[in-house]
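Take a look at the structures listed below.
You will see two complexes here that share chain A, one where it goes with chain B and one where it goes with chain C.
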Partner chain A sequence: MEKVKQKDLILYSGLIILGLVAPYLFSAFKVQLTYLCVLIVLAMTWNLQGGEMGYNSFGNILFYGLGMYLTASVQVGMFFPLAEWTESGGEKTFVHTTAQYFQGIGVGLLVAAIVPALVAGAIGYAILGLRGHYFAICTLGLGIAAGEIAGGIEIIGAGQGFTTPPFPAEIVDPEARGKFFYFTSFIVLVLAFIFVKYIYGSRFRLILNAIRDNEDKAEAMGIQTMKYKIVGWMVSAFFCGLAGGIMGGLIGYIDSTDVAFDGREMGVFMVLMAILGGKGTLWGPIIGATLFHFFKEGLWTFILGWQYVALGVLIVVIVIYFPEGLMGWLREKYPERFGEVIDEKDRKSQVELK
Partner chain B sequence: MDFLIFKAPMLMVQASLDGILLGILFALIAYGMALQWGVMNIINIAQGDLVILGGYIAYTMYIAGIHPAWGVIVSPILMYFVGWGLYKLVINKVVDRDLFISILATFGIAIVFQQLMNFIFGADVVVAQSEYGTTMLFDNSVTLPNSKIFSAFVSLAYAVALVIYMKKSKLGRAIRATAQNARAAKILGVDTEKVYAATFGINAALCGIAGALISITLTLHPYVGLPYTVRSFMIVIVAGLGNLPAVAISGMGLGLFEEFADYILGTEFRIGAVFMLLVFILVYRRFKLSKKREYLK
Partner chain C sequence: MNKIAKLFITFISALTLTLTSITSSFAKVEDGMIVLGSAISLTGKYSSNGVHTQNGYNLAVDRINKMGGVKVGGKSYKFEIIYYDDESNPKRAAQLAERLIKQDGVHYMLGPYSSGLTKAIAPVTEKYKIPMVEANGASRSLFTKGYKYLFAVLSPANQYLEVAIDLAVEKNGGKGVKIAQAFEQDAFSQDVRLGILDAAKRTGSKIIIDDKLPKELNDMAATLAKVKATKPDVLVVSGHTKGALTAIRQISEMKVDVPMLAMTHCDAAKLSKQHGKKSEYALCASQWHKNLSYKDKFFGGGKKYDRDFKKEFGYAPPYQSAESSAALLVFKDAFERANSFDRDKVRDALKATDMQTFYGNIKFGPGGQNVAKPMILFQVRCKGDTCENKVVAPTKWASDKFFHPIPPWSERG
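Right after this comes the complex of A and B.
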């Protein structure tokens, strides 16, 4: 037991050190690294309800987009009239001072985390009563409806988009912007990992698994499944909102359907990454997200224009041929590593039966 | 209520007629959806993209100088083979599996289709001119494009033909038998693999007809497929599988809802309203069923 703990300690401290020095080592790729952190957060929290709870949501993009709009709106609205800001579009009639910028984004991220979680809690009772594919389609509809509706609301820029406050010009260091967003996303990633890791060791995860495996039986055992489902969804929404807030600041421009409620990209990515790595495992989504990001960044530029075709084919191939994901495949291959004991005799008799 | 539509009663008539004619078209797509859902137990997210592809076939004919109305005959034939090929390539691997896998796999197909259509036909909004003129009703206060009336009649004709075909023909009986119990049908000598391929082909052909009609009545764009998928999904869950009159009625209901939402909320919220309606219908059914301690399955 002691040995395992020590091994974990080395692994985690190694990863944290890697995370801290990465922006200095790969200075040119800070934006990509920030993306990676955000993608991992999204995949990990999607996995909590998609993989652990068995509620495959296409609609977590709702919370992502909500977080993005909330962060930007709070950041602007705290100091300037929001309507005039969006109306002026790219024109910089109002300029945030350094202190205002960081205060704004701090409060904004806080709001962006809490409000989506509350929204998830509010609609959870109605939506999570749906099962299986009805839940999937319903959340798909929610995500797209949110994008369409946001595209019609004037105060957040409607169809022409919303420019988020630019990084304060008083900071002369050209690296500062990239570093700021990287470290913010890295902190969120670490927080999310600690939280998810904690959940993986708790009774809560067992309840989620019971819901996934057989909800009726879980209910019959006296578990108030609805309560746990809602909490599980709220956790996802909390981190999706945070991730969205960071991405809004990083991209610098929010469009209702192409950036915020981007079901065609982010909304699919988070599902795909979790499945690629392996649903229902702690490390699966992390590995899946990393692999996917490298694949995407490596190939996207070579197949310019064809990237969506490649994405679609990738989805089909992964879903049909690797529904268990990378971790599931490894588990099949090396069950001992996952703490599964195989009775040699029993296995042999099974083989003979076949 | 300070809406234009309540001040001018003629607008109501206009919206209702538009909605009903449009709804018949939606019902045709939904019938294809119900067919494949009932027979193969898959939900096809690429349904709307098949519709748009069918529309682009008619549009290509229009560009080539042929009247686009011929698309209602050419497009289903071509689309049958597209559907058949799609089944052989991908769908046959998801038939017996979890519904979520079919949703995600067809979602991938939808993305591929959208992008390929974007490459081939360009990202512009296009429409094929049928030049059928318009009918003026009620003292010229209600205008009704003849193409919409044409599309409603064609949809009805095809729907009736399909119902008769499903009742009388050998393949139709095989499809219905497979829908009832695939295993029993197999034992009694039905080649279910063939039936599945044919079902998916017929579904794609229906999408082709609907697409050809959409190309002359509405507009085409590579990325507008998903709303058609959602509309047909909605119609199917309201009407149930294999209940054709109910499919037609709920299709018209959806058409009416959309036209009125268009007038009352504004055109920019039209698609949003469709998706919100989906959410409301699902949530409503969830609460209705939970009274009896049942759930949507």
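Right after this comes the complex of A and C.
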């Protein structure tokens, strides 16, 4: 037991060091690395209720978009009249000082984590009674509705879009902005990982699994499934909101349906990444997100205009050859490496039976 | 678990090696090439206009390279463009701009298609002090932010249809008119709307319908039903290519009678071809028309550009292509005047641009917008079954008289 822990320690410290030096090592790739961190957070937290709880949600994009708008609104609203800002498209008349910028984004991210979690609680209370396809379709509607509603609210820019505050001009180093967003996203990633890892070792995960495997039985055993389902979704929403807030600041321009409530892309990607890596595992979504990001960044430019066809092919290949995702496939192939004990005799006897 | 850990570590180290080898292997001006970068919408909702933009860029690059290239410091350089597909998505566009600048080492940018995408890219180019000449981001808010490295060869969006309202008022004997309007929920169309609001205030006109259209635009029957009921004097619709096509399709299906119909993006949508007689009398805002009398030595005049473009790509150039071609001419001119590849010198040269191209005069205002060129309006007119766009305003270039009011559907064959 001790030995395994030590190995884990080496792995984790290795990854953290890699994460810390990555923006210096690959200075030119900072934005892509930030995206990677955000994608991993989204996949990992989607996996909590999609993979562990068996509730396939297409609605997590709601929290992501909400976080994005909230961060930007708080960041502006703390110091300037928000309506005037958006009406002028973030005109140069309002300029954040360095201190204002960081205070704003700090408070903004906090709000962007808490409010979506509360919203998830409220919505979850209403719709987590639905199961299977009904839940999936209902959440799909949530993201679309949110996009249309946000596109009609003048104070956050409506169809014009919302320009988030530019990075303070007093910081001359052009790399500073990239570093700031990378490290913020990396910290969120580490926090999310620690939290998910903690959940994986807790009774909470077992309850989520019980809900996935047979909700009625779980309930019959005295588990208040509704309570756990809601908490599970709130955890996802918390991190989705943070991820959205960071992305809003990084992109610099929020559009209601294309950037914030981007169910067609981000909303689908987070599901896809979790499935690609293997849902219901700790490392699956992380590996899935990493592979997906590399596939997307590396390959897409070479097949200009055809990238979505390639993505479609990829999805088909995943579903046919890796229905359990990469981790599931590995587990089937090398079960002993996943700590599963195989009774050789039993296996042989099964083979002989055939 | 430890085997997995090893596997993971091997995987990551492999990635590390590949990535480090990719970085920093590009340069902006190499072997007599000036490399420009552009994120363009090849897929997604702006894909047709994205291709018009790309064709415009390519035609100009070809032409300039064939006619001797760009002369800087006594040496001749050729243009080359690195394209990425931004999927009509601002998020992707911003990321690609970063990629072009940081990874591909691009020092000069060409704009994407649409205001929304330009809005997403401009903060990035501004941050790295990369001069960007853009030809397809007309939103007014692009020019009020104090951007120093953004130059637009087109007139701002709020000017698109203001003239149409003036025309309607003039036809109404100087009295205010009743306006019905429907605009897509995007940066460009909403700016066109602001222009109409200004014009309405100025002329004492009343806006009786003010609808918003969704982004994936393929139905506006609700708005048209209201138009049928309230009988406005003018119907204004803006929603890029899809907006123009949807409007004409449903107006003819529902037989909506309105004395004047003003739109944007008619030529990009090839309205007169796609809908033929149904689109007759539609009034369209345009940045350019082939009949205008501007000239330059690369493309000759508008008519010649029209012919060359048709020969190359097999369809008549919409203004989106023309303005994109003009962006390259502006870049060439600026490089030669700066006589240097120093970015700030090139920027200063761009700022001082004052030239005529086949597309129109170009001179940049303090916000980076082109202040030397008016918008024009054309009207779709048909002879038999062939329909054409005829310029009706401003009067200096008008080839035909403005036909008003549109006859009711019961009288149209």
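In this text, the second predicted complex is superposed on the first by the 349 of 354 C-alpha atoms of A that agree within 3 Å, B and C clash if a C-alpha of one lies under 4 Å from a C-alpha of the other, contacts with A are read in each partner's own complex, and residues count from 1 in each chain.
The rule is short, and it goes like this: contacts are C-beta pairs under 8 Å (C-beta built on N, C-alpha and C of every residue); 3 or more make two chains touch, one makes a residue touch a chain.
This structure is a prediction, so every number in the text was calculated from the model and none was measured.
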**Request:** Have a look at where A:E148 lands relative to chain B and chain C in the superposition and call it first, second, both or neither.
**Result:** both
**Asked** Touch check for A:Y308: first (chain B), second (chain C), both, or neither?
**Response** both
**Item:** Per-residue contact with chain A, leading partner among chain C and chain B
**Value:** C
**Prompt:** Where does A:V268 make contact in the superposed view: on chain B (first), on chain C (second), on both, or on neither?
**Reply:** first
**Request:** Would you sort A:G161 into first (chain B), second (chain C), both or neither based on which partner it touches?
**Result:** second
**Asked** Once the shared chain is lined up, is A:D255 touching chain B (first), chain C (second), both, or neither of them?
**Response** second
**Prompt:** Touch check for A:I137: first (chain B), second (chain C), both, or neither?
**Reply:** first
**Prompt:** Where does A:E324 make contact in the superposed view: on chain B (first), on chain C (second), on both, or on neither?
**Reply:** neither
**Complete:** Both chain B and chain C touch chain A at residues 148, 151-152, 158-159, 305, 308
**Fill in**
The residues of chain A that touch chain B in their complex are 56, 126-127, 129-134, 136-138, 140-142, 144-145, 148-149, 151-152, 158-159, 264, 268, 271, 275, 305-306, 308-309, 311-316, 319-320, 323
**Message:** Per the contact definition, I'd like the list of chain C residues that touch chain A in the complex.
**Reply:** 1-5, 8-9, 12, 15-16, 19-20, 23-24, 42-43, 83-85, 87-91, 94-95, 98-99, 102-103, 116, 119-120, 123-124, 127-128, 139-142, 144-146, 183-187, 189-191, 212, 214-215
**Prompt:** chain C touches which residues of chain A in the complex?
**Reply:** 4, 7-8, 10-11, 14-15, 18, 25-32, 35, 88-92, 148, 151-152, 158-161, 163, 166-167, 174, 177, 247, 250-253, 255-259, 262, 265, 283, 287, 294, 300-301, 304-305, 307-308, 330, 334, 337-339
**Request:** Could you pull out which chain B residues touch chain A in their complex?
**Result:** 43, 90, 93-94, 97, 99-101, 103-105, 107-116, 119, 226, 230, 233, 237, 266, 268-269, 271-272, 275-276, 278-279, 282-283, 286-287, 290, 295-297
